[in-house]
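What follows is chain A paired twice: with chain B in the first complex and chain C in the second.
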Partner chain A sequence: MRILTSWRYPGNWPIFRFDDRLLLILMAAIVGNFSGLASVALNRSLVMMSEWLHHFRHYWWVFVLPAVGAALSSLFLEKVVNEGAGHGVPEVIYSVSRYGGLLRFRSSFSRLISSCLTIGTGGSAGPEAPVVISGAAIGSNIAKYFSLNDRQRVTLVGCGAAGAISSIFNAPIAGMVFAIEVIVGEWKSVNIVPIAIASVAGTEISRLLQGNQIPFSHHLFNIDLLNIFACLGLAVLSAAASILLTRMLRSMHTVSHKVSAPVWIRAAMGGCAVGVIGLFLPVVLGEGYHTVKILIEGEYGQVLAVLALASFAKIAATALTLGWGGSGGIFAPCLVIGSLVGVTYHHLLALFWPSASWVNEGYYALLGMAGLISGMLQAPLTGIFLIIEITGGWEVILPLIIVSAVTTTLCHYFEPASYYLKDLVEHGHLLRPGTDARVLSDLNVPELIEKDCIIVNQNMLLRDFIAIIKKSHRNFFPVEDDKTGHFLGIIHLDDIRPYLFDPVMYDAVILGQIMNTQVEVVHPDDDLLDVARKMDMKGLFSMPVVVNNRFLGLISKATILDQYRKELMVQTSH
Partner chain B sequence: MENQMENRLLHIFRNNPFGRETLLQSLYFCNKVGASPVIYIPKTTKFLMYFDNDVVQVDLDKSYLISPETAIQRATELVEQGGISARFLDPKHFTASTLPDIHTNFDYMCCPRSISDMSSKIGLGYIGPRVRRIVRSARFPVLITSPVYKEWKSISVFFGGSANAIKALRLGFHIARASGIQLDVFTQTEKFSKKDYQQMIKDRNLEEEMDLYVKQWHFFENRVFEENLYDVPHDALVILGAFGHGVIRNFVFGSKMEKIQSTISNNLLIAGPNYTTIR
Partner chain C sequence: MKLTINEVAQCLRLPVSTVERWIRQGRIPIQKTGNRYLFNESTLEKWAAMYKLPFSLPEKVNATPQQIKMENLLPSMKRGGLLYDIKGDGVETVLKNAVENIHYLSSSIKEILYSSLLEREHLTSTGIGKGVAIPHPHDPLKDMIKNSLISTCFLEKPIDFKAVDGKPVFVMFILLSPSTKIHLHLLSRLSFCIRENAFVEFLKTTPDSTAFFSNIVDFENRLVKGEGY
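Moving on, here comes the complex of A and B:
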């Protein structure tokens, strides 16, 4: 029994007492393997489903397939596992920000199944976000099982995300960078080492089960200065496409919620619309890796107008799929839209400057992919490393950096938060470690209440009050009703200053006459961030904490600052 | 002069006759121990509770959402009849748009035996999985009410010597102090003798509180624990520790909490393994 108990608490094993980083590295390897397996499972399931449904593609009713898939996916999430739709990455970031990375166990498999139903039947979404939440939930639940602390749990959540992305793209560096840049948001060695280990573990699992192949074939491009300058225009076009996709996703979400129908019907409506678009432009269906491959090869062979239309159609299809309740992520659609935008841009260049020596259109497809990923995620490093790893194209790194940096900057100007973070930022839920909001969110009003106050009543004479002041080191004195005990107001030392040097007034003034009754009060459930904001706005140094008309104590700026510093040191010390 | 922080009890209100009974139990408990009820009237069938090392999704059955327009009024009426001012919880944070987070910074929580399943399943011998998860993870004790409103006139604490039983005993002292009712302590003597149990109390420096708050310490000599439970007063609030042992040990040797909750219909106040003493 003791052996079993000690197994639950590996942090107590002698080897890990020496340095808990070793513990994290061991756990990271385990998490990386499991999240890698989850990715492979989703990947294989999508391939199987796509092969099975291929036989039905020539029927006239094929457009209902995405509708059926999206409806089943929505029903599964709503009725079977009781989770809301969506790709789930904001949920992971929210949990990391606010609750030390606690995620439900059901999240480790629910999105795998729902996204398989959506994408496998032709919905325009990607499998990457579902594997990210799955990997993150695996990391969180392993940390929970072994009773690791919040900091360690957040790292393992990052490990799960890294292992999943590394595995699905066979791209360990991109997985690692994505986890740190997007999920954890903290570049520290204590995170980087375990996340790197998890990336390696996830990649190795993928290579073991699916072979070591880069997803898209590698090409050599002869890049001159002209083509490097030209990528600035592509960055602008990518930024426009990113902003359009972001806004369409959100507007579709808003519109769908105005339809008074069950969520699965709404998902089916979105899926049906995608199916209809797919009848005319099959490029919009599914995750679209095959399309990306063709575009990089330069074999798509369509005219400019068709390419532009396909870019727009893919944006609309993705918004219809995800905005109306389908399950999946935006990673793969970004790659498809980016490559379409890139090739469209190449055609535009060739149209306006036909005599210039432009590189093969595959080069612009790569840059477009990096641009869309960077623009949507506002995570330039993830965009750069992902494209390099999935195409093996290290020679395009300079234009990749330019496109990623410019697209991110332009998108940030129009959309200050990325697609993943927009809702979190709007609701004040993005609390990165070491930031003001995060420090304050980790403190609460009850732990900051100062209770050593002397309570007086409204009928007390000034003379008696002065005697009390002599014994006290405080400037604020709460006043309570002597019959009901209800809080009535507060007296500051400044309030009695006019009477202090006039002994005649000592027996003529009672506290009820001079107390301040228009007092801003705090409730123990209030957010400290709101309390601090209120103090700043109104220039207050102390506020009474009152509940059910009863005074509990004072909360002061000095105590907040004191605890703030301690909390900040805890958050930034490792 | 120093004020104590008020103790708060979280109550999830169900707007039907069964929910009324449960709320009445909560209000009676609050009146007895001087706690304030904080009532949550759900607007969705699910919510999340984030604990220190676990997140519990509570999937409520549809009966919790009956007639939302009358829920606040009915709850307010019941609370005010109990002489307490009603305070309602409005979730501030949401994990997803239809998934509110209910904070866990409470001193007690009141649950029926099952919170996620159909009312027909509620009965002795069945504590729902969500209620179990909450008891396991919470820092606060959970008040599991009897199906019908029942005032309690005495307090019985089960003490078996484990770390969790010590927590339950401390909780008993707190409730005794707050309510002014002395405790009956019940111990099933198994592998230890009476002297051993008394020594445990001495080792934990609880002798003084035992003298102060305990009316009588009953030792069950009969080997069949369920038979002994007849001696527990029918109108007692029963306080006990739970989930102090691992799953395997409980599977092999059985769990005292399961035996108690499936045998007696009293109100139960359960302290889980993460329970920390009330402030």
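Moving on, here comes the complex of A and C:
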């Protein structure tokens, strides 16, 4: 029996109570391995799927394949595992900011299966977001099993994400930077060390199983000043593409929600449209790593018009797949669109200034990818490190930084929040660690309530009330109905000050007459941010907390400030 | 001594719910596994010092609260006694004679008392109207006397005390107390009595001690009823 209970709470084992940091590093390695495995599994099954479906490519009805895939994946998510469509990274960030990184266990495999169905059949989406969610869910559940606390759980969620990205791109630094910049949002050594370990573990496991290969081949570019300046134009172009993609995704989402059909039919409609585009431009289908490879090699021998059209088509296809209910991420589509935009830009340059010595189109494809990633995610570091690692070329770092920085800034100008964070910011759910909103949201009304108020009833005479005032040390007196116990109003000392020294009034006035019934009240579940706002608007210093017509206590600015200060000290000074 | 989680909250002067949340979020070095809390007190103390949070063991709650029940009028008045036919034609002489006659005090204190009473009278008159004055020192006498006392002094003839209503004073209550708190307590009770005209009329008859003290007992009883304690 004792062995059984100790298995129930492995967090009780002395080994796990030895040292917190070591424990976290150990866990990080485990999480990194598991999420690495998840990404390898998705990668392998995507390859298998496309090999198997390759036989059907020459049939005329091939355009329904993405429709079937999207419908199946949407059915699976909706009916079998009961999870929302979409790419899911916002859910991870939301859980990190609100629920200490709690994620459901089924999230660790559900998106893998659904995105495999969507992408394998030709839907235009990326496999990265699904593996990020899987990794995050694995980290969260391992943390839960060992009864770790919220901070540690959030770190392990970050570890899962880092392991997944590191493994799928064979890019440990990019994974690490992505997890910290996008998922956790807190650059502190307590996070960075475990996440780095997880990145290493994730990368190692993928190298072990798939071999150590750089995803896209490495080229030496001879970059002169002219080409560095030229990348500014590309930054503008890729910013435009990012904004277009963001807007398209959102508008497709709204349009699809206006169609009154079951979600899986909607997904099928979107998939069908993608299939039709794919008939003419097969470049839009799937996650498109192969396309990126060709583009970097500079072997995509197409004319300018086709390239521009392909860029638009890929944007449209991605919006159709994800906006209409398919499952997958935007990472890979961003890479494809970025490289297409980059090559298009190269062709444009060559068209207008044919005599200048432009570096080959692979260079611009790289920069375009960095631009799109930075623009969509508004995470410049992730963009820079990812491109460097997946192409293995450090010599492009200068133009890469310029493109990433300029694109991020431009996109930020038009879309203040990145694609991942937009919904969260709109609903006020993005609470990065150490911010004011975070501290206020952690505090809640029941923690701040003061209960040492003397409650009076509405039929009490002023004389009796004055006797009570003598004994109390508060300025507020809640009034309750003597029969029902319902909260009726509140009396502030200021309300009776004029009558305080007028003995004639003592027996003539009852409290029901002088109490203030138009009071703003607070519910214990109210957000402290709203409470503070209400106090500011009405110029109040205290508000009664009332639930079901019952008075619970008082909440005052002084206590809020006191607790806020303590909370701030504990949350920020690490 | 092993602390409970409630005591930890008390040490930190925080609600228990906050401490529980901090444990869940991992902001405080306490671990919860199952429903057990694991922590080390010295670590906790170091942690609190690092974040500059107050951390001290809660004081033992005394079973008997510090507040000693304050004496009422009667014992103080008995201690001070009733003095009749105090001679004098001015504030100074009256006070001088009255202080001389308070048997409860030693002569060294009497001098200090006299000068401090005069000092207070120079500030403003303690004649509160209706022919009554309540002379008292500006600051409580602190260590010089252990117990409060009220000397009721009937004057031989009414004198001008520069009272608020200008009426000549015929009776003085010299009020001495070891602390301001007791002073205010007795003053409020005394003024409750004087507020009643019947009592003032009664004083004008220069009652003997038995009648006077029984009257005071009546007032005390009414105060007890009126204030509810």
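Following the convention adopted for this analysis, the second predicted complex is superposed on the first by the 543 of 574 C-alpha atoms of A that agree within 3 Å, B and C clash if a C-alpha of one lies under 4 Å from a C-alpha of the other, contacts with A are read in each partner's own complex, and residues count from 1 in each chain.
Assume a contact is a pair of C-beta atoms (placed from the backbone, for glycine too) under 8 Å apart; a residue touches a chain by one contact, two chains touch by 3 or more.
Quick caveat, the model's predicted, so the values are computed rather than measured.
J.: Go through the superposed model and pick first if A:258 touches only chain B, second if only chain C, both, or neither.
T.: neither
J.: Once the shared chain is lined up, is A:563 touching chain B (first), chain C (second), both, or neither of them?
T.: Touch partner of A:563: chain C, not chain B.
J.: Contacts for A:473 in the overlay, against chain B (first) and chain C (second): which applies, first, second, both or neither?
T.: neither
J.: So, does A:58 touch the first partner chain B, the second partner chain C, both, or neither?
T.: neither
J.: Mind telling me which of the two, chain B or chain C, contacts the most residues of chain A?
T.: Tallying touched residues of chain A, the top partner is B.
J.: Give one of first, second, both or neither to describe whether A:152 is in contact with chain B, with chain C, with both, or with none.
T.: After superposing on A, A:152 lies in contact with chain C but is clear of chain B.
J.: So in the superposed three-chain picture, is A:442 touching just chain B, just chain C, both, or none of them (first/second/both/neither)?
T.: second
J.: Take the contacts of chain A with chain B and those with chain C, and give the residues found in both.
T.: 147, 444, 446
J.: Which positions of chain B touch chain A when the two form their complex?
T.: 1-3, 5-6, 36, 46, 48, 50, 53-55, 57, 59, 85, 87, 92-99, 103, 105, 246, 248-249
J.: Within their complex, state which residues of chain A touch chain B.
T.: 1, 4-5, 82-84, 86, 91, 94-95, 98-99, 102-104, 106, 144, 147, 427, 429, 444, 446, 449, 451-455, 524-525, 527, 547-548, 550-553
J.: Enumerate the contact residues on chain A facing chain C in the complex.
T.: Interface residues on the chain A side: 8-9, 11-12, 17, 100, 147-152, 442-444, 446-448, 467, 563, 566, 569-571, 573.
J.: Taking the touch rule as given, give the residues of chain C at its contact with chain A in the complex, in rising order.
T.: 14-15, 17-18, 21-28, 31-34, 36, 38, 51-53, 227-228
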